[in-house]
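Sending over a structure as structure tokens; questions will come in a sec.
Note that the chains are named A, B, C and D in the order they appear, and that numbering of residues resets to 1 at the start of each chain.
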């Protein structure tokens, strides 16, 4: 049994790790931390976990954790950090990583360039020296590297959905990546469980709005990864692209908040690349590229022609649903992806990565039928 | 492996059986029927089931089924009928039941008195002769009888929640059952997947209303069962109360429709019975009665003092959450219960009953952590 | 033109007063206060008011207001206090009331007995001496007194709906008021605009729960008013019942939170009173009593036989919709009422009272068609 | 008083015309038609209209209407047709238009080219001869022509929002119109009140999806109008562009369905046009262009720098809220607009056009404060 500890267990992503690990056949939860609910049994805080998880939260305030982390790490095989940006990089160290694996759900180790991190997140990175050993945990693309890392950077929810949706056509050069416009919708759980007026029921319900227009922090993460895919090309492997060798991209990414609990829906637009004769690829050819990359993937469902992904059909599961449509009038392709932001966009992918890191079946604890309606 | 067939598989309850059986370790689905979607793969109709269930719906129009039912029954150990009232009793026969078990999610076999059925449902019962052998499948109360029946009447969603919420105090005579007022809230999935203006998004959203006031069909079902509990008394067993020996009750039951997908919330009021000295029982004593009946029940969660059940914490699971509060000013007790109408209120309880009927662990396929948020 | 000032203008009720007064033909807003948004233009805080209200919030922190209230009062004819309990009674004084009318949307002056207030609200009342001159502003019942008061206690949302729904039958003695069980549903805006985890979108959405069971603060307000109605009887006038002469009642009141922005739905149960021969009144007779009291009321809509009130049909308006159903099996009547908690349950009734207090047409600024869907 | 008749009064758009005309100071409703609710009082069908509109629906089945339309037209000054595509053009005739104005909320007369209509709508147009005299009723752009027409084509909801959002920059040549990608979100009321499984509460709630990808019928309407704007240029007038002289455009338009009752949110992307020196215009300059066109418009609210439009702030009103953001990294501008699809996107704009057609104040009956929350 893999023993796990969770820092930030009472946020939505942290609690979702609990939901998943509670039924994981080869993992068990050793301890959980929370700053706001320290000393309380998790079932008082998340009533859904009653009779399923019986653990009292330890205080995981960052300063407190710094003192305890060595001891706590000694009790587990892996630590999940479901914490705000800046926390994980304050806690990890080469010494810690020498005996315990860390899966970080924040952005601390997602971007290979510390300057890009500091610019977009407006934070000073506390452990830039560890960046080279962090592996970006988009499991489907970095599976081999995930196997051997001690420090895993779990991707963001928008990022996972955006990258997986556009990856095949970018990598095989069928679209012009610099024309990519990614328009995304998010459920409200992505905003976390903090008490903010902007996330009150009456503020979000019966409303739709864009936010973070031109400035959302997931933008450089998408750019780096799709830039790597473009550099790898059809014959290369994204994981082999050396740092700095990725194609430099400036994408358009615009998230919107819509009134639902869970779900990310990405609608991405890009210009198709014509062949030497000026002919554009047919939709059938585009579909074949998706099949090539994803046919064997357990958690990716390619939709049949004419179908569009819907967030409801992924709810509670680790699936990403992907569909495409070519526009013969505009010579663009519209690529669409849907997932559950708390599962494949956070906790589920974290568990998927844990499975790979410990040599377990990749879908252990994750073979869940989405719950609809 | 138990082989199952499902009639009415593309309604919400039918599809929920599919969701549950898809991961059931000891059951498999042999065939599924649908009238509206005959000939279509279920994953086209319920996108959540893609990569999980790969079956084409056979036509289960009642007339068509009458011709095929013997043959179809021969392929399975159990048939689930997730159909409108009147369908199951048109299809079952002693011959059919001689070799195949039937779990009916409709009301056809829930009421022991055919006249009560015909009065409240305004239908002629097609197989009244089978009523005596039908077992009412509120598993926690009729477990022993469920084990040995061929024809199981799966209770309604409001009924399951109402009965389990009030049962201990009715049975032990701590409340006056004739004073029971049951006020219930329901999510919209209880209305089914039929195309009706009244169930359109814009008609239901941002609205609350009562319906079926004084006339809802689940009323006599609650009355019969709580009447049996009252007749059994603290020392008796509800399953031993002979037909017609139940206490005759006329309860108040009022359901309301509120804008959410899933969930039943029951708030039940009753006058407490004072002891010989005119003293009313303390809340602690009332709690002890609930403990007596439910402490060992896997799917019932008794909430701590002061806590109220919330539908969100049961979503996707087979749990019933129950809490109570005594009012010292009015000498009433307020009993509250919550469950997921598609799981414990329909498909989950049906699978729970299947497990009992086939000698499987009662929670096989049902050990699910509720999904929140 | 009536000049108005609003303390607490950036809460939901305060902002709703702004929405209504912005189009009021005979009123204008002189100043608005806010603690959290002092110094900001209201249109930055409530985007719906852009191009309609162009005012900057003054700081209305209670201590600050104490210093300014005399001066501010001098600029207006009426002050609305849409503030937490305890604020209004800290600010008003006989001197203030000598020249400016006050309409208080909090509970400070709703209960005639200061001890009941202090018990249920757990606050010390700062101006008990003013209680005798406060008029309870359920306009339809106290219209004549409202005309002449300087200090108006605007009723609560649950209270308005509960009282108006049950009033005719209580007053005419057709139901036994001590058997009243009031089960109510509320939209989330009733919880206000404060940043609390419990009111976050993801906490409230897809959920239903009871709260304040046996202890909700609107209980004694309903009890006092229906107790007055019972004491008045069919031939008396509720406004003439002397303090302390009301019938003492202990009602059951249970509110529930359901996922919608606006709306109160009340479902009230009571035992019917049989006549001397033991016959119960027919529904037609009960309807006639409602007609007697409400036929001439602009803002009360009595629904036809068989119809139930729905919150959606009152949204944005000052209407209360009322329907009843007799249960011949239980000899109870189910009385149902619906209203918009921010309008008839708060700001609309406040404006209605303002109209009466200043001799304006009672529906000035309130003749609004509810917005559906 | 302008006398109005409404065909299709029990659809959402038709009922919204009723809501608005009920309080219009210079209009009255003479008759209303409905196919599904013929013979019923409108207040039974739309409970919000009780005590506000007291009219019985006549049967407006198309064949029935053909016989009655002359007589019905004689009773009114204007007929609103809130009907499916193909109905209005089956009913109007030169004779009818000679004495009665018609405001058509369907697409029948929106596109100047009958072939484009027949291709996108897959219908044969029944009155192509009337197309030249129809005026496209985007009031802000065609006000002068609206004044004098007998046949007004009221624009679609997506169209109104998309065109008004992009118009200034297209017209003044600051963006390249062929790069326009319009990503739109819609509330569910846009789908109408028909009983379809796809629009049931449980199908739409907790879900987001794209639809009509590359094929939505509002696309050619947007293309024609923005093509006219591009042809007019900064110094011209869109209304003066002759048929066929518009710039031919192939835009990308993708609508999405999100779970809310009302609202359209448009997020439009386009490449900025650099000046001769290769410098891109600053956001300030872009804002000035919006001010130039819209500063005097009653129903357009230009948001301050950094603000984004939100559908909630337009609910129930005729407002369009517009905000923009320049992306210095990609040299694109993101143009965003929000409106209420049933008001400015349908009934409100229809009334606005009626006001202009009859020489009434343009905001008569439309000076409504949006209702939030």
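Rule of thumb we're sticking to: a contact is a pair of C-beta atoms (placed from the backbone, for glycine too) under 8 Å apart; a residue touches a chain by one contact, two chains touch by 3 or more.
No experiment lies behind these values; they were computed from the predicted model shown.
**Student:** Any chance you could name the chains that touch chain C and chain D both?
**Tutor:** Neighbours common to chain C and chain D are A, B.
**Student:** Between copies chain B and chain C, are the contact residues mostly the same numbers or mostly different, with half as the line?
**Tutor:** Chain B vs chain C: same; shared/all numbers exceeds half.
**Student:** Which chain pair is joined by more contacting C-beta pairs, A-B or A-D?
**Tutor:** If we tally the C-beta pairs in contact for A-D and A-B, the bigger total goes to A-D.
**Student:** Distance from the CA centroid of chain A to that of chain C, rounded to the nearest Å?
**Tutor:** Centres of chain A and chain C (C-alpha means) sit 47 Å apart.
**Student:** Taking the mean of the CA coordinates per chain, how far is chain A from chain B in Å?
**Tutor:** Comparing mean C-alpha positions, chain B is 38 Å from chain A.
**Student:** Would you please write down the residue numbers of chain B that are in contact with two or more other chains?
**Tutor:** 12, 189, 202-203, 205-206, 259-262, 310, 312, 315, 373
**Student:** Quick one: which bits of chain C touch chain D in the complex? Just the residue numbers, please.
**Tutor:** 12, 15, 19, 22-23, 46-53, 189, 206, 261-262, 298, 301, 307, 310, 312-317, 319, 321, 367-373
**Student:** In the complex of these two chains, what residues of chain C are touching chain B?
**Tutor:** On the chain C side, the touching residues are 181, 183, 185, 187, 202-203, 205-211, 213-214, 250-252, 254, 256, 258-263, 265, 267, 269, 308-312, 315, 325-330, 332, 334, 336, 338, 373.
**Student:** Name, in rising order, each residue of chain C that touches chain A in their complex.
**Tutor:** 12, 188-189, 193-197, 199-206, 259-261
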